[in-house]
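Below is a structure I'd like to ask you about.
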Amino acid sequence: MGYFKDIFNGGLSLIEGMGVTARRLFRPLVTVQYPRKKIPLSSAYRGHIELKIFGESGTHKCIVCLNCEKTCPSGVIRVQGEKLKEKGPKTLTSYVIDFSRCSLCGLCVEICPTSTLKYSREYELVGETWADCKIDLLARLARQVEEMEAEKKTQGIAA
Amino acid sequence: MKINDIEARMHSKFPESPLNRDDTGGTGVQWSIAVPISGIRDAATEFDAAGFFLESITALDFEDTFELVYHFNCYEPGSRASVRMLCGHDEVPPSICDIFRGAVWLEREVHDFFGIKFSGNADMRPLLLPEDADYHPLRKTFGKVGAYHKREVIYG
Amino acid sequence: MDELEKIEGNERVYSLNLGPQHPSTHGVLRILLDLDGEYIVKADPVIGYGHRGHEKMGENRQYKQFLPNTSRMDYLSGMLYNHGFVLAVEKLAGIKVPERAKYIRVIASELNRISSHLLWFGTYLLDLGGITPFLYAFDDREQILDILDAISGSRLTYSYCRFGGVSRDVDMKFIEMTRAFLKRMEARWVDYEDLVTKNVIFIHRTRDVGVISLELARQYGVTGPNLRACGVAFDVRRSEPYEVYDRFDFEIPTGSKGDALDRYVVRFREMQQSCRIIDQALEHLPEGEIMTPKVPQKLSPPKGEVYTAFESARGLTAYYLVSDGSPGPYRCHIRVPSFGNLNVLNDVLPGTLVADAIAILGSVDLVIPEIDR
Amino acid sequence: MSEGLLGSELFRLILGLVIVLAFSQLNALFLVWLERKVSGHIQLRPGPMEVGPHGLLQTIIDGVKLVGKELIMPLKADRKLFFLAPVLVFTPVLVGFLVLPFGPGLIIHDMNVGVLLVFAFSTITVLAILTGGWASNNKYALLGAVRSVAQNVAYEIPLLLAVMSVVLMVHSLSFSQIVASQKTVWFVFIQPLACLIYLIAATAETNRAPFDIPEAESELVAGFHTEYGGMGFGLFFLAEYTNMFIVCAVATSLFFGGWNGPFGISLGIPGVFWFLIKTYFLIFVIMWVRWTFPRVRFDQLMNFSWKVLIPLSLVNLVITAIVVKII
């Protein structure tokens, strides 16, 4: 009798399983057709780093202390500064990161004494060569400042 | 507690070897014993008989010597013990792979990284490194090295 | 092909190269199988394809610089590996951690454990030929990734723990999300049982397959769910309670035979136990600091060594750090559970069918980059 | 008279073959799309969406891609057999269409041994798979081919025994007669066991999950067609789906009343639609099964056939024979 019982119970378990998949057939989908629809990023999202724009000065606060460059475990960051005045802080002349080596650990952001580094919210990045992975943060900053000003202008016109 | 039994047995087996108890739990092992290079097989046999398993084998590279560290543990709370032995840079320690079968790979790994050959382990092919690797990356003479100390610098 | 045909006095035996590119050798694992028909005569796992030298990197870096590396060893339980590493360094340097941070770490770790087990659950069914449970498991796992993403900003390699605390505080939204997840899973467990656990085909594929006896497990140092499936309730969270694990009421699921089905059931019930832990931790989550204020940027622990074990999703994992008083460890060794769990297959695979070999490989839940380091 | 009859019969055959060729290809493409949609929705994702409305044209594009690919043959493979196999696997499937009763009178060639013909030719598929696996000079492919042979031999028996129960009741091997005798009551209600056995064995015959062990992607990479790319793979793929259509169509004719509506109620729907609706429903069930269960192991598969299906179908056949004799 055990023989038939096994077959019966086995068959029953299979039907139960099919019940689970059948119920799913009519549930709403969970996937998103990506390029057309996007999911909002988490507020903590860590993209590549970028220079923060401070409202009062309209620019970054980098003092070329090189802490980020020294602390980076993967040698991503290259910072160059220049002394414009004899006595005084250095001025940032170039801030380039090699994103292909970055492991997004965030040590640079945490160590920055003036908190002028932050994570960008960029994730749609693509490059064909290693050179494409090099990101010039100063140029990026200039672009962002321009965009902000343009936005202000359009807002001003609209107002 | 198996860990206390084996401690007593190790005491009688290696009366000259210093046995460091760690009562504060600061190092993660209950006690560690330093055995001579010939004693590791005896020690491993004792641990095997007491029902311990071999958690890891690793080595430390010092300027004057290698130090092999064996960690044993058993399925009871807080029962980890370590057996340490000094092994000169050109000495060949005995293998314990016939006592703990898992030791074959662990010893192969140590051989990979430090170039320590174990006598009695028939399978000394590189495990993690390429088949033709003739370098031993965790030696302090290989690649970028922070510091290369004598043993007493760290362990006094 | 020809050079692989082996005739060793037995003309029936031929070798089959399972991997390194094969759908079921998660990661890059290669197993040289000697086959007699479909029966395995000898199995020789070849590893090391993903060797990156994490231990060497550890010696060349400061402690905090090595932190991101830890989650890349076992990329499925990155949070657990982060957690273990900060535990080791905190012990070495004598840093105290605030209560709230401890609770948050436990919650995050247990969530990560569930996500790792869910991924194993899905891929195991995939190995057995059931594709749909894989996507259901990923759907659930996605919820966890969203939660962990919300607090750490990353979905896989979290780098969330810090020496002396955690990097970001959790908010009400996190607690709500976690609670919603726990609630959601209650219904999902039932579905998974109907779909998989009770399924007659699944049971026949796994029962009495790949039996790891307790003695064999001890010989090879098998730990984690694979060991518990043999009937030993050995869990680092119980045997050497770290953080606040001794305050929670949870069971350690065990099996009896040590076959693939037992391993499956143990992991499955472990996920439910992790849910219990999270529930209790959320209940008792204290207010307060998340970071000890006085942790130097350049941490230089005193001379000495520490061996800190913790329970990752795959078993007993340990960091063995030797400090010479400088900002980086003199020696950094990682004891990984998959190492023993794969090693044992040398003895388990011979005598089984190729189809069983896949079922066994999946059931021990290997993450190859963790072995390769 | 004989001349005219021959002419019309020949014309009918040729026309039928052309229609069959067109239909089978289109049908296979549609089934591939359907499978992807069904699996998608079971797994809470939409499936193909980009090409055409709801991805309807996706499989056509895939087909174009496959046709455009270079045919690659492994070194030291048996060239003739390697390219013969995909062709061989497709021919028997087409023959099956000749005798399928799509509707009253809608049958290309109504043979009195139609049932026999379908099953006789479907066995050639095994040969093709064996040829393909053998000729590939690949161990995974060979393992898949060998598995396939053992599996098909084992499942052919319960399959035919289940069919025999129906044949015994009708006293005919002609499809149209079998369908005609189900005008009021479908045979699924009289022969539920035979129907179940037929469906299980048919799933195994077509190498569909959970019996897809000759392919078994997680074990054997892709089984017998591991080394095939481009249209070689495409033909295997299309044959699998066409085969599925045939076994389901046969099941419809044998057990689900073919072109008849349930209990003689036709609701004014033409017979051919009844036939297609039922066939596609059965195909859907087979897909549904595939996306629910894990794969059985090889020896368990054989056990199941020899220890469960064959005894059951034999008992069923004997009981049918006795009952038919008494009535």
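Letters are used for the chains, namely A, B, C and D, taken in the order the chains are written, and counting of residues starts over at 1 for each.
To be clear about the criterion, a contact is a pair of C-beta atoms (placed from the backbone, for glycine too) under 8 Å apart; a residue touches a chain by one contact, two chains touch by 3 or more.
These numbers come from a predicted model, not from an experiment.
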item: Of B-C and C-D, pair with higher C-beta contact tally; value: B-C
item: Between chain C and chain D, centroid-to-centroid distance (C-alpha), Å; value: 43
item: Separation of chain B from chain C, taking each centre as the mean of its C-alpha atoms, in whole Å; value: 25
item: Cα-centroid distance, chain A relative to chain C, in whole angstrom; value: 27
item: Centre-of-Cα separation between chain D and chain A, whole angstrom; value: 51
item: Contacts with two or more other chains, residues of chain D listed in rising order; value: 42-45, 291-293
item: Residues of chain B touching at least two other chains; value: none
item: Junction residues of chain A, two or more chains touched; value: 14, 17, 20-21, 24, 30
item: Pairs of chains, among all present, that meet the touch criterion; value: A-C, A-D, B-C, C-D
item: Chain D-facing residues of chain C, complex; value: 1-2, 14, 16, 22-24, 38, 125-132, 135-136, 139, 195-196, 199, 201-202, 204-205, 353-356, 358-359
item: Contact footprint of chain A on chain C as seen in their complex; value: 61-62, 64-69, 72, 132, 136, 139, 142, 146, 149-154, 157, 159, 167-168, 191, 194-196, 198-201, 297
item: Touching residues on chain A, where the partner in the complex is chain C; value: 9-11, 13-14, 16-17, 19-21, 24, 30, 42-46, 71, 73, 103-107, 110-111, 119
item: Partner chain C, residues of chain D touching it in the complex; value: 39, 42-45, 76, 137-140, 143, 209-210, 212-213, 216-221, 291-300
item: Touching residues on chain A, where the partner in the complex is chain D; value: 7, 14, 17-18, 20-22, 24-25, 27-31, 33
